[in-house]
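Each chain gets a letter, A, B, C and D, in the order it is written, and its residues are counted from 1.
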Amino acid sequence: MIRRFKNVVIETVCRLMTPFLQLFGLYVIAHGHYSPGGGFQGGCILGSSFILMAISYDIDFAKKYMSEIKATVYACLGVIIYGGIGMVCLLIGANYLDYGILHTILPVDLARARAMGILGIEIGVGITVMAVMVSIYLNLVSGGRHVEEKVE
Amino acid sequence: MIVLEHAAILVVVIPLLVSFFNVIIGLWKKNLCYPMTVLTLGFCLILTVNIIVSVIEIGTFSYRLGGWTPPWGIEYVIDHLNAYIAIIVSFISFIFAIYSRKSIEKEISSEKIPYFYTLYLLLAAGLLGITLTGDLFNIFVFLEITSLSAYALIAIGDENAPLASFNYLIMGTIGACFYLLGVGYLYISTGSLNIADLAGLLPGLYHSKTIIAAFGFFIVGIAVKIAFFPFHIWLPDAYTHAPSAVSAFVASTMTKVGAYVMIRIMYTVFEPRFSTDILPITAILGWIAAAAIIFGSILALAQKDIKRILSYIIIAEVGYIVMGVSIANKSGFTGAVLHIMNDALMMACLFSVAGAIIYRTGSRDIYTFGGLGRKMPFTMAALFVSAVSIAGLPPTAGFFSKWYLLLGTIYEKKWIFAGSLIFSSLVNAVIFFRILEIVYFKKHPQTGLIKEVPMSMLIPILITAGGILITGFYSGDIISSIIRFAVPREF
Amino acid sequence: MDIVGSYKPLLAISVSLIAALFIFFSGEKSRNLREVWTILAAVIKFTIVASMVHDVIDGKILEYTLASIEPGLSIQFRVDAFGLMFALIASFLWIITSFYSIGYMRTLNENAQTRYFVCFAIALSAAMGVAFSSNMFTTFLFYEIITICTYPLVAHKETPEAMQGARKYLAYLLGTSVGFQLIAMIITYSISGTTDFSSNGIFTELRSQVSNTFLTIVFFLYMAGVAKAAIMPFHAWLPAAMVAPTPVSALLHAVAVVKAGVFVALRIVLYVFGIDILSELGLGMVLTCFASFTILAASIIALRQNNLKARLAYSTVSQLSYIILGASLLSPSAITGSILHIALHAFGKITLFFTAGAIYVATHKTNISELNGIGKQMPFTMTAFTLGALSMIGIPPMGGFLSKWYIILGSIEADLIPVIILLAGSALLNAAYFLPIVYAAFFNEPQDHHNNKGGKGNINEAPALMVVPLLLTAMGTLVLFFTPSTFLHLAIKVATLVTGN
Amino acid sequence: MDFIITKYHYWFYVSLMMVGLYAMIVKKNFVKKLVGMNIFQTSIILFFVSSATKIHATIPIIQETEGIINPAHYMNPLPHVLMLTAIVVMVSSFGVALALLIMIYKKYKTLDEDEILDIMRNKQ
């Protein structure tokens, strides 16, 4: 079903673009809490870099960097980071997700602690979105075939 | 103590987080997923019990997410109504977590089992989120979490399941979008999403066309989600083809939680007088509910696939609840809220019995159930109890809620509504006594090797059946300590 | 009238429920143990019920609240004279029927005997529940339990006819009670805020608020709702239910179930509406007409039945209407008579059913036309039959006379002379359909060829476990004529309470 | 006329919504239905976002270079944030739906509703 279409120009250009894409994605994530952008957008950009590789080479190539299993684990890890930060706040004694309280355990003042807290959450969201984008793409393009192959 | 203080949020967050842990653990050791799920939901059950105890003691309380003050931050408001719904949801989800082990092993391949439990926990978390949150948009998000996990769970059923699930998805998305539109309209005109805040802001705007449109969108959106009569077409297919544990869980909770959202919007976000006087939607809803009850019952009578029968009965039962809500008096409302619990129990029991039968015989056709009364005595006893209850006969729980519904209709002198309730009772009696007759008195040649289902399936069945038998007698206590406070003050 | 809290009503109800559990777990493997539970429960139940007689005759009322749903709506038991009377009969006859059932079931080697005994025990619990209910709500609750748990008993044989009969049974009883009685009860509650029985009627105090038409409709809803009382046109389930094993027909369809129906009907007439309202609206008269019609029509249909049990069933239909008739006359003596008739008809009819069962067990005959000369073969059984039949007709040394006497007295009090004519005519009809059986049994020669071996004057009785009970109940009809004091006392107590003099 | 022009964005989203609804109801191909669903959802997102517009307003972020800005000059950020969530929901339901369609295609070898119904009918 998926015919390999080899073209040096496409491959090289895409390969070259990928690190920039990823860097941009990281930028968007990191600056999300005080400029346009954030975890969702940055995650999408990061994810698209993998998808770009999958399109320009083939799925197996992309899977070398981000396999199904990896994507799944990353997706879960992202959510757990998000929820974990909330739980840490809760355990310290504030309400869930009230990350101002983090200044009691981090060596920063309250305003900075809030910024750190939201940054952590953006990172979590970014990881999840990236992984989910990749895994949706892989699953759909392979028609679920890759998962099943691994299974059998 | 920290746990109790934050119970409101932990009930939602813990299943949410554990569900993702489940995926990772599932990659490492598949067998751990089941105990994790059961433990988590058991913990949730304990938390919801705590919640309801503290609601009974101190009344409504709220929890601020992230410490932000209400109209801006998200707030979880726990009052009698949603504490009550939450305990139903967590109880049912706990029960079916136990139940699911054996039935799922038989129905889906073992590699997918961790994903099943992940989705299961997500579904539970979503349902609990809907009930506990005090923010309209948050309800939308949880509604979609619930629906998405339900689509996926239903799709792992038999061979026609993906198609059924797809239809459900299309309908469900329309419903959710309508709901979202309603939220948008309210937001545009008030600038608030908090239910308590909106309840204070809205009365001045009741005659605005935007608000009326918003209300219409809400009602239609939720009606699609709960499979209210003209929008019910997705439900029978979806629930028939889903795996047994899923259809049991989904059937006994999702429509009920949807009905809860309806009650919230009609009587908390808006004042009751809005839906009775300004936009007399209760009258229309009542008539449609009567139609839903009658059509649901008749269509159920025409089926021979047990799960399909039950699915159509759900449509009728949704009609009961909506009718109770739309009667807009104290008895009707009490009946509707009580029926949410009773119907959840009955559907849980019936679908789990259906699952047990399918687990042992592999057949859903009621005419092949001959002789099961001897082979599976306990399961069939549970079927009997829930059948009696669904026909609205005493001393089971179903009778008591039907009593209040009837009382409500008669106070309002709505004889046709009362007639439809009675009619559906009788039709349900016909349906189930036909099944019971086959089960107990007919012989069937191929039932030689069939025996009782395993303990992990039997115990949930018996617990729900026991619940149906016992809760009826405690309806008085439930009403006086919980439901009485949930009834809108105007009634 | 002092009300005393007491656990006794609850105990009386739950003893057979608990027994049902034991019976279920004993199962077919230890059948002797299973039967011990049945009999033990029956004896204990009767002891508990009997221990309440003294208190009630002293004018006490025992009360126990099981669950309170709302003010004015609770599951509550209250033992008054009327309820106690019914409970006494049902629990006493259960002891006898238990022995009889054991004999019957074992001799015929019936299937699913455990189910049979379990359902029987539950049915008795529910009958006690109906007897002791203090309000319409509780009554309805147990009324439905009776319907549901006797359904398996009717379908017991698992043949197509049995299923058909059971379906009819369920359709009539469930359809009417859910469709009419429930609605009527909810209307009552919605008007008065209570369903508690009161000796001068729930509606009396609310007389000014409710229109006559409305009351009439509610009354008819109620009466249509108690199909167990088998007033025409809701009688067809009773003959259909005769497919059940004979002990079931005997205890349930001559005592517990149908009497529960009549009992509830009387409760409604006397305690929900009260005789004042009924006489004011002329509803008593309407009910009298319905009952009279049923008495005559059922008797005439009974004449044409060849199946013994079917004839007995129609006889039951007609006799039940005596009770309704008595109550509908709304005069003290008539009410006394009708309540007495609950007891006396029970003894008589159970005897007749027992004999029908005994004949079936001994000879496998069910039709009246085959009974020629059977008196020589089964002398004890047929003697009992004769006694029972005489009591049904109402000939003086038998118990059945007493109740008819009181009803006739009552109709004179009520100035309804046609009723006397009706009662006389019905007695004649009773004689016309019972006496030919007696005659054929004792005086006709056994004419059929295929039964010659048994017909040569050999005594070929059913097992002693069956014959002794039926002789006991037959004796009962005699004894009750001479010492009816307990029942009479209770009945008069009820009549004076509800009529106020 | 004035009514239409001043509220043109609403008309725009309503017509988009109708396009989506039409596709969802009328089209027989499941993928087209799905696309219709997507258009439907997009129209709602547009509606929300358009409700937050304010001419000459800026993003609600404190920028050190420009000093503090009067809050009245900020755009309302909340609808955007809400729609971010709604988009996520939309993407996920789209993903689930596509996965379902793959399963359906594997079984029936077609995505046309009528043909699938035919196949199901013939099987019975």
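Note that a residue touches a chain if its C-beta (ideal position, glycine included) is under 8 Å from a C-beta of that chain, and two chains touch if they have at least 3 such contacts.
Computed from a predicted model, the values in this text were never measured in an experiment.
S.K.: Check every other chain and keep only those touching both chain A and chain C; list them.
M.R.: In this structure, the chains that contact chain C and also chain A are B.
S.K.: Could you quickly compare B-D and A-B and let me know which has more C-beta contacts?
M.R.: Counting C-beta pairs in contact, B-D comes out ahead.
S.K.: When the centre of a chain is set as the mean of its C-alpha atoms, what distance in Å lies between chain B and chain D?
M.R.: About 28 Å, centre to centre.
S.K.: Using mean CA coordinates as chain centres, what's the gap between chain A and chain B in Å?
M.R.: 35
S.K.: So how far apart, in whole Å, are chain C and chain D when each is placed at the average of its C-alpha atoms?
M.R.: That pair's centroid distance is 69 Å.
S.K.: For chain B and chain C, let me know how many angstrom lie between their CA-based centres, rounded off.
M.R.: One centre to the other, that is 44 Å.
S.K.: Specify, in ascending order, the residues of chain A that touch 2 or more different other chains.
M.R.: Residues of chain A never touch two or more of the other chains.
S.K.: Specify, in ascending order, the residues of chain D that touch 2 or more different other chains.
M.R.: Correct list: 92, 99, 103.
S.K.: Would you pick out the residues of chain C that each touch at least 2 other chains?
M.R.: Nothing qualifies.
S.K.: Going by the touch definition at the top, which pairs of chains touch each other?
M.R.: All chain pairs meeting the touch criterion are A-B, A-D, B-C, B-D.
S.K.: Give the list of chain D residues in touch with chain A in this complex.
M.R.: 59, 61-62, 84, 87-88, 91-92, 95, 98-99, 102-103, 106
S.K.: Going by the contact rule at the top, pick out the chain B residues touching chain C in the complex.
M.R.: 388, 391-395, 399-400, 403, 406-407, 410-411, 418, 422, 425-426, 429, 433, 437, 440-441, 473-476, 479-480
S.K.: Spell out the residues on chain C that touch chain B in their complex, using ranges where they run on.
M.R.: Checking each residue of chain C against chain B gives 66-70, 73-75, 140-142, 144-145, 147-148, 151-152, 155, 158, 163, 166-167, 170, 174-175, 178-179, 182-183, 186-187, 189-190.
S.K.: Under the touch definition given earlier, write down the residues of chain A that touch chain B in their complex.
M.R.: 69, 72-73, 75-77, 79-80, 83-84, 86-87, 90-91, 93-100, 151
S.K.: Name, in rising order, each residue of chain B that touches chain A in their complex.
M.R.: Of all residues in chain B, those touching chain A are 2, 6, 9-10, 13, 16-17, 20-21, 23-24, 27, 63-67, 109, 111.
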